[in-house]
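The next part holds the structures, each set out as structure tokens.
There are two complexes below, and they share chain A, which is joined by chain B in the first and by chain C in the second.
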Partner chain A sequence: MEKRPCISVGQMFAMLFVSRMVVTMTYGTLLIGDSDIWDHLISAGISFILTFLLVLPIYKLFKMDNKMNVFDNLRDLMGKYGYIFILIYVVYYLVVTLHTLTIFDNFISNAINPPISISLLSIFLLLSSCYGAYKGLEALSRTSTFIIVATVCSLIFLSISLFSSIETINFKPLMYNGYESVAEGTLYMISQSSCIVAMGLLLPMACGSKLRGIIIWNIGVYLSFALVIMLVVGTMGDFADTQLFPVYTAASIGKFGSFRHLDSLYLGIWICGIFLKTSLFLLLASEGVKKIWGEKIRRRFILGFSVILSISTFFIGNFSLLRGTFITEFLFFFLIFNVVIIPLVLIFLKKRKLSKEEKIFES
Partner chain B sequence: MNRKLILTGLLICVVTLLSGCSEQQQLHQKLIVQGVSIDRNDEIYKVAVQALDFQNPMNEDEPSIKLMEVEGISVMEALDNISKQTSLRPVYSQNLVLILGEEAAKSGVSNFIDFFVRHCETRPKVQICVSKGNASEVIKIKSGEKFLKSKNIHDLVPIELNSDVLHFVSNLKNTKTDPWSAWLEVEDKNGIKSIHLKGVGIFKEDHLIDFLEGEEAFGFMILKGVPNFGSCTLNSEECGDVTCIIDKVVPKINAEVQNSEVLKFYINLDIIASTFSLDKNFYTHSFESISEVVEKKLSNKLGNICSDVINKTLKLGIDVFEFSKILRNTYPSYFKKIESEWNKILPNLEYKVSQDVKLKATGKEPV
Partner chain C sequence: MGYIKHFMDVYIHGKNQKPQPKSRGFLSKSLSENIEFFKREFGKTADLSIKYLNIQDVPSAFITIGGMVDKNTLTNSVIFPIVQAKIEGSTNKEKYEYIRDNIVAACDQLQVSNYDDAFNMIMSGFALFAMDGCDCMLSLGVQGFSFRSISEPSSEVMQRGSREGFVEPLMINMTLIRRRLKSTDLKFELTQIGSVSKTSVCLCYLDGKVSKEILSKVREKLSQVNLESIMESGYIIPYLEDQGDFSLFSGVGMTERPDTVCGKISEGRIAVLIDGTPNALIVPYLFVEYFQHLDDYAMHPYFATFTRWLKYAAFLLSTLLPGLYVGISTFNPEILPGPILSKIALAVGTTPFSLMLETILIHLIYEIMREAGLRIPRPLGHAVSIVGALVIGETAVSSGLIGGPTLMVVALTAISSYVIPNLYEPISILKFAFIVVGGLLGIWGIMILFTVVLVNICSKNSYGVPFTSPLAPFNIFAMRDVLVRSGWSFLAKKRIRVQDLPGSEVRDKNDRR
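Here is the complex of A and B:
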């Protein structure tokens, strides 16, 4: 078996936490539509439990042989057919990268509207991500430790600055207009849990207690989601529904002593997170390519796909499909396929293989 | 070799695309908008913009204040016409105040507020005010030779009043509550103009309905938890004229539904007031002996003032005190049943105002 990079569990979950915070910070009407944000507090609770359940098949598969990742298992148990499923994973990682890039594009054009070309900004982001993916997992994990400190500090700072502006009258009864918003919120939160798919590859590369890491990561992710929902609804009330990116708007009204307009802080952290997420998912996609075609193609793939994505940034504005409710459902089913169906099939095949081996050994 | 090729490629990109700051807009090329007023005359919006002009500074330390008047069929069109008057690019992120003229506010704020909600540079904490007559008079007022800064106009509005775009739009978006805003007025005394926070403008949905001034405005401020808005003078035989200032007020509104039918609101005001002058026989009183009398009188007066202003808004069918939100939060299932009938229920709401006034004697004089 080839030599693999080794990172600590803390670094791995720091990367996944930052990748997830990108989703939390861009959470808003662009992706959830008319859904009631306040009801998503229940969605966060449900998603918290569901995430544990969704991690189980990947974790079980990893526990059966803690040196093999999903790609190794696919090749080992399915032979040549396994390559088809590896390609499906590669496509998933690329779709997530493209989706992240679309959110970046939408956010920049709607919330910032800079005088420079947005496509050019996306290209520079991709170039950096390409470089990040090229440098490998260890470099990315080291970067993530810096970014997570900044992310957590900014979240604490934002909470303190907005706390005095919370008006309890804005907290309406949960599920006042029925449970549709809860369902929509849960669907959205789970569909954005691409980190679980990433775990399929990263778990064998991490050293330390994975179970503890998963628990802390999941608590951190949904606690921060709940905190963000409370801050947004508490400070802005019905005004939040008029904003495409309410977390960004909330950051702009926060004040702490002489510090005001914390949206610039938000922007800095968020762009770091976007860089880390796109780098990580490009790297994971390239791992799949490496499994099928070898190391040489992997490097070309990173560069080649970055070029394709760079070109796509010129047309990304026309892909309304990538930011509508369709993409949420699509990502949800794609995720379920990758974290439940394939791992369960692999567990079944692995058990069958093990029992066969046992029988041969006994005979 | 490969690495060198990549590095060369990246270097070319950096050299050709990142061409330093030569294309960046400098501060003196921008028009930093500080205040905007909107008036409406004959279907035309007249917008006055007060901005900082760094291109032609008054002196080394201070930029000059530029005032521009533009007009258009929509506010957006009017604001866009700024570019016809100056080569500077307007920047709205530092805007502090939005003043609406009476006609513009009466014709419907929804017709133009979207720009201040949607535009990427505008911020939700911009103060929103109304003015009787033309709003441009407020923004054009001069202090000596210079225009009065928008910052000074902004500071006239108490923060506790929540007269900002955030609360205005929030109440507008909620179909059961109605917005309000501070009312600024220009007063001309012997040719000297000055601005006053006169009271409050109350809206029905997005239309300005009425202005509250004097005791009505005082009552409104108390119900919104705004202290130090004017003073309240009491008169009694025991202590003569006593002028009280509201130092702190915490209003609490609770809803009560009995037998799923009777709906009543209990408004409790926790007030701390102070007095600096007991104008009749001040040397004969001890504070302890008269404080109870003053507290009682003040309590009664404030109760009546608050009741009057609530009555007025309810009769107009306006929910500026967010009764619907309180009822929804306390009795969600009951509110859901009556939600569609809320506009009919509102004018006949039953309520009770109770107040707990504590008087502080302040000042250096022994009483």
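Here is the complex of A and C:
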């Protein structure tokens, strides 16, 4: 039997938390449209509960056999047809990687517009992510230990720096303009919960109490989301709704003692998070490729995919399909398919298989 | 007798040793035949010395290598007693045995019966006593070659503690360790590598602390060394590293201090001593150990903690500062405070090169000067310093070729890199990489490259132990000697062996005595 990397639950959820923080920090009108940010506080609460519900099928499947991940189950229970579903997962991971790169591209070109070649920067990020994916899960999980410390410290620092600028008048009544914003916010937050799909592969590789990890991770993710919303709205009010990346804008106006321009701090954490997320999802996609075609192809896949994406980075910023509300809805349905429908089918097949085996054993 | 027996086990009986490719055969009963063979094998070498004697009418000889034996000891303790003695025995063989058992006063003596063993012994500084009619020779430990005396290692100076450092002869280094660890658990395991140099290599560890799995891995890796000669410990470092694991950082430590070796092997590590070099290699070696120094344990814990954090800061400063300086000044000047920004802008405006090129140039000049300072004879060192200080420090700035702030950054980087001398090699390469990336892609590129370096460090294992342990995977108890240096009362509570660290893949973790 092949040797599987073993990481701790803490490392696994550190990785997933950092990946999720990328979403929190790039949250803005580019992806949520004209939605009211303040109403997303309720969306965060709803998403918190929904995330627990969405994790259940994956968790249940894992509990039925804690040594098998989703790919193993697909191959074991569906035979050759399982490969088709593995391929669907691979496509999902690649779409998430591409989507993350698009956000990166858009953020750099729209929010910062630096005097450097954005395509060159994207290629550099992509090649670095490929290196991360090539180095494997253990390397990424250990790296996330360092990044999460920096992320949490920076988040605390940013919160302190913005706390003095909060104006209570900016907190208007919730759902003042109806419930559409709440629905849009919830859809956005759930659609960005790609970490749940990642759990399907990662849970069997982690050692420790997974349930406790899931609970702490979920609380951490939505608590930080709620905190960010409160800080952004509290400091900028309605102005936040007009910003492409309101968290970045808030960071750039924050000051703490003699510290100014905290947007650079924001950029630092965000880039580390982007790197980790793209590396992780590329690695997960390559795991699927390995399952179907073997280890040799997996390495070629990482290399080949990096080359293809490097070329596509010249056009990636213009891919309207990868940004806006369309991708939110697309990712939402894709996610539901991967974390609810497939795992439920697998649970059903597994139970049937087990009952058959029991009958054989009894007879 | 212990050393020589061990020596013989390894060299003569071939324990822990790869099979010899070709045997030269057994010694002859005829002295003249044996001497002829020696002469033929050694050819026209000038240092082979053969002293013929007639001991009670029996042709005999002492065979030595000039300069490797102590002539006084050989004359007074060996030759004179043999010549003066009344030797009993009727046959030549009996006379030889009488000399061996009753006359020779050298404490290290062993009998050899084939040419390979005989050659190994004389080339290790032993004297060979041969008698006609005997198919064996007596090797006598009368080594007397000169070597550097024990002194403080220049590369690892300590404020407090011992002033003793390793020297070149292996046996002396072994005694330096034995004197500090008077335990029967302390083991020295000799082996020989290098098909031509036949360099003695000694594995040093504490039985009961060391992991058997790691020990066998080290033995295996050493047996795979296929070099002809080993002139320096650095030759075998690549063989001790994990294969196919490219990293600028090494998982093999190096020290010149016996006390450091003792501290390391007490934590389950293995020291590799190489004859002819004053450095001991230590495996497994983790990233945090680059920042630990023996002085830390001699100082007050609060100050040791402070200096440790200084080292962490110095590492980050020496690696990232030039890149950040170039990246921020070129693409994100708004981050800098106004007065600093205006100074940099003024300097950039009056110098002919771009900031990236200017920083690379000064760093290159600095590296050239450093290399020159290391290689040139000491009396000329002052001249290099003067040229460096005047030409680069004064003239280049005043003539407007180089900006003052850039020079300041380079100086700060250079000084910071001296805080952790063991990391100088990766730092010097990484800082150039960060300058180039900072100059092309700004702080975004620097952050990505920094994460890549982090992944590279995190992916590395040293003999199954994660290189970044106990930081990642994290262990709060081990932090007592990583982020802080706790007091001895707390450190002594439980000694963590290297194989017990979190994430370790070593299987025989709990193999305690």
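We adopt the following convention: the second predicted complex is superposed on the first by the 362 of 363 C-alpha atoms of A that agree within 3 Å, B and C clash if a C-alpha of one lies under 4 Å from a C-alpha of the other, contacts with A are read in each partner's own complex, and residues count from 1 in each chain.
Assume contacts are C-beta pairs under 8 Å (C-beta built on N, C-alpha and C of every residue); 3 or more make two chains touch, one makes a residue touch a chain.
Treat the numbers as computed from the prediction; the structure is a model and nothing was measured.
Novice: Check the residue A:19 against both partner chains and state whether it touches chain B (first), chain C (second), both, or neither.
Specialist: Neither: A:19 stays clear of chain B and chain C.
Novice: Can A:115 be said to touch chain B (first), chain C (second), both, or neither?
Specialist: Both chain B and chain C are touched by A:115.
Novice: With the two complexes superposed on chain A, say which partner A:146 touches: chain B (first), chain C (second), both, or neither.
Specialist: So A:146 only meets chain C here.
Novice: Considering only the touch criterion stated at the top, classify A:186 as touching first (chain B), second (chain C), both, or neither.
Specialist: neither
Novice: When the two structures are overlaid on chain A, which partner does A:278 contact: first (chain B), second (chain C), both, or neither?
Specialist: A:278 contacts neither chain B nor chain C.
Novice: With both structures superposed, pick whichever of chain B and chain C touches the larger number of chain A residues.
Specialist: The partner that reaches more residues of chain A in the superposed model: C.
Novice: Determine, under the contact definition given at the top, whether A:136 touches first (chain B), second (chain C), both, or neither.
Specialist: second
Novice: Look at A:10 in the shared chain and tell me whether it touches chain B only, chain C only, both, or neither; answer first, second, both or neither.
Specialist: Once the two structures are laid over each other on A, A:10 reaches chain C alone.
Novice: Taking the stated contact definition, name every residue in chain A that is touched by chain B in one complex and by chain C in the other, in rising order.
Specialist: Residues common to the chain A contacts of chain C and of chain B are 115, 120, 261, listed in rising order.
Novice: Quick one: which bits of chain B touch chain A in the complex? Just the residue numbers, please.
Specialist: Residues of chain B touching chain A: 10, 13, 17, 25, 93, 117-118, 120-121, 123-125, 166-167, 169-171, 173-174, 322, 325-326, 328-329, 332, 336.
Novice: Using the touch rule from the top, collect the residues of chain A that touch chain B in their complex.
Specialist: Listed in rising order, the residues are 110-113, 115, 120, 127, 169-173, 176, 236-239, 241-243, 249, 252-253, 261.
Novice: Hey, which residues of chain C end up touching chain A in the complex?
Specialist: 331-332, 334-335, 437, 440-445, 447-452, 454-456, 458-459, 466, 468, 471-474, 502-503
Novice: Within their complex, state which residues of chain A touch chain C.
Specialist: Interface residues on the chain A side: 7-8, 10-11, 108, 114-116, 120-121, 124-125, 128, 131-132, 135-136, 138-143, 145-147, 261, 264, 267-268, 271-272, 275-276, 279.
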